[in-house]
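Handing you this structure, nothing more for now.
Letters A, B and C name the chains as they come in the text, with residue numbers starting at 1 for each one.
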């Protein structure tokens, strides 16, 4: 068989021909273009930080930074305004704590059930449902909190105000629960089978194995998932805007109206605070505080999961 | 003397097993919480909203009278928003992913970019709104336009797309790259003709999930200053507009009971849109699951 | 369209009847004093080897002896591994390919490769074969069609797939996939074909088919094949190099190596005393 001689042309010749014609060198340009797209994400971060810093500086030009952190009243719309962020932080933390009380036990129990007890079939049904739960827009959760959870809670506790911390707190908890469940489940599943088998072989029950062997081995992943989820709770906006009210206060009461940092930004943005007013700049100072809170928690989560990563 | 009293151990065993069973039940109940909430949520919204959901609702603009209120402007606005977000975020996200997976050297710049992306993913959406307000609306003078809102949303969902695209690109077997290089293909040819086609299902799935996040987001748009009450359709990307979640927020925050029903009807439209998009993602995922 | 065949011009004396008379054949590859390190690990030590046109050169040796590393150096695929350092020379058609000014894409257009595991692209059979011609700029549909038929015939798979050219290549069996990969490689009419243990993932019948193909193809191509299967080397190759611990222990006519090896270690290996 003479493959080539029967041919009318030579592929190699054609390739050479094409190569001579080619002018633009994509190989040099493309990596640079791609690097630029990658740089956009860095510029976004820089943009966020610079925006917050510049506008916050203008705010602190008008309102003392000492007042901002020490004053216990947030009354921007009063005739003698007061800009002490503490009430907003307290409101945010109230929501976060209530959310954690709901989400951590439920999320963790779900993760344990899915990774240790559930059959493959059950997992295949439940995991997509959790994904759906995680994908529901927050405004829908806000609507749900206001029109369902609050009325139900008010039937149970008649002293509850229409706007309160409890209802949005619980709903924020429901919103972040799938995140804890799914990230913790990943951590539990990645614990090697051999470690479990070691415990089973000693006659430990499934529960004992889970609590004493699997959970400790997966603890870093679980902690990281909780910290990340709580960071989401701190930054959650629409649920608290719709169902939490707009009364910043320092009380520990969860039955009355509150305001979180995020809800304040929404209140100002959807109102008519003119560009350049002190109130306008105050949303950047609040945004800056919020950003620092969530950044610290995100870094903490990364630190936890990196520090304890290579245990097995 | 024996260190372990076997009869003692045996005596305790039934109790231990009982505790195991009880806890299993508790874990299962906790798992049901999520399902239960989802069922109640869907049921409530459906029963509240179905009455208002009709042809008029889809064709009318917003109104001060609940019985005349419609979702037309918001629905069309959400689609306009997608038209900006989809290409911008996919281009930037996939470009970044290709850079990180195929070109980036292991140095501090690469590490920095990676750490930066994972932190960006954790920044609250409302903070992106502040960025959009300052940079796009004011500094670049795009005003409260579709473009300003779309660019803000693109940056918000960028980390989601980057991570999904990175995973999809990483999952393309080395073999295929080698085969392509072995034919004398250049790196970019290999990426364009082999790696990306093989990674496209994963990229699309991630992209659709990111878009469905963008379609449901409210907070950044409130901050950017997108109006909630609008009675016309946008003609260009520089026009102002409103979107479904903004419209729903507006109705939800009105005191009249009737508007809550209208809000529920709006939510049904939003959820149908999301379910539709997610079904496409699931179909793509299933269709291309077992490829290598 | 240009009708000349470059290689025929370079060595007009080569015809089917000359195969085997080693003295007359032209050298394709000349390796001199090649050393290669993976980081600190000295993987190839002072390699000197010449490979000839229209011959099958087999490289044998136990796992980890450097045979796979060496064949990957011949088309510089080795550069995909980070932290590789080389010294010495590999001349391909009288030009040193280790010289960084030698563009790898040009080299790999001349030197095709078939890999250990069949690695077709997740595309149609047709698209797999035209991949090479297409990336090198050949877009004429008629020519591509001809290339597909010729290449698939060359890899003895045409009859099996001619009715389903537009189906996904993943529907083929392992042996068919490997022959498709060979066809994909033939599509750009390379000068040399490198085969890195091409049958190690295949069943005996598929292996036999590939071996027969190699015999057929050497009329038109120069073939370098790495194999851990000594019988395969004995069956199909003209020359054999025996690698051990990164060194060439012995290199000569396949007949000599298998019937009358010079080195005690070669003898031990081919008689199955180790490896």
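Here is the rule we use: a residue touches a chain if its C-beta (ideal position, glycine included) is under 8 Å from a C-beta of that chain, and two chains touch if they have at least 3 such contacts.
All values reported here derive from a predicted model rather than from experimental measurement.
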Chain at the geometric heart of the assembly (C-alpha centres): B
From chain B, the most remote chain by mean C-alpha position: C
Which of A-B and B-C has more C-beta pairs touching across its chains: A-B
Centre-to-centre distance between chain C and chain A (centres being mean Cα positions), rounded to whole Å: 53
Geometric centre distance via CA averages, chain B-chain A, whole Å: 13
Interchain centroid distance [CA atoms averaged], chain B/chain C, Å: 48
Residue list for chain C, restricted to those that touch at least two other chains: 109-110, 136, 188
Two or more partner chains touched - positions in chain A: none
Multi-chain contact residues (two or more partners), chain B: 186
Touching residues (chain side chain B, partner chain C) in the complex: 173, 175-186, 189, 193-194, 197-198, 291-292
List of chain B residues in touch with chain A within their complex: 16-17, 19-20, 23-24, 26-31, 33-35, 37-38, 40-41, 44-45, 48, 91-92, 95-96, 98-100, 103-104, 112-113, 115-120, 122-131, 133-135, 138, 155, 158-159, 162, 186-188, 209, 212-213, 215-219, 222-223, 225, 228, 245, 248-249, 252-253, 260, 263-264, 267, 270-271, 274, 278
Touching residues (chain side chain C, partner chain B) in the complex: 75, 77, 80, 104-110, 112-113, 115, 117, 119-123, 131-132, 134-136, 170, 181, 184-185, 188
Residues of chain A that touch chain B when the two form their complex: 26-27, 30-31, 33-42, 44-45, 47-48, 51-52, 55, 105-106, 109-110, 112-114, 117-118, 126, 129-130, 132-133, 135-140, 142-144, 146-148, 174, 177-178, 181, 205-208, 228, 231-232, 234-238, 241-242, 262, 265-266, 269-270, 275, 283-284, 287, 290-291, 294-295, 297-299, 301-302
Residue numbers on chain C that touch chain A, as the complex places them: 1-6, 8, 109-110, 133, 136-138, 143, 147, 150, 154, 187-189, 191, 216, 219-220
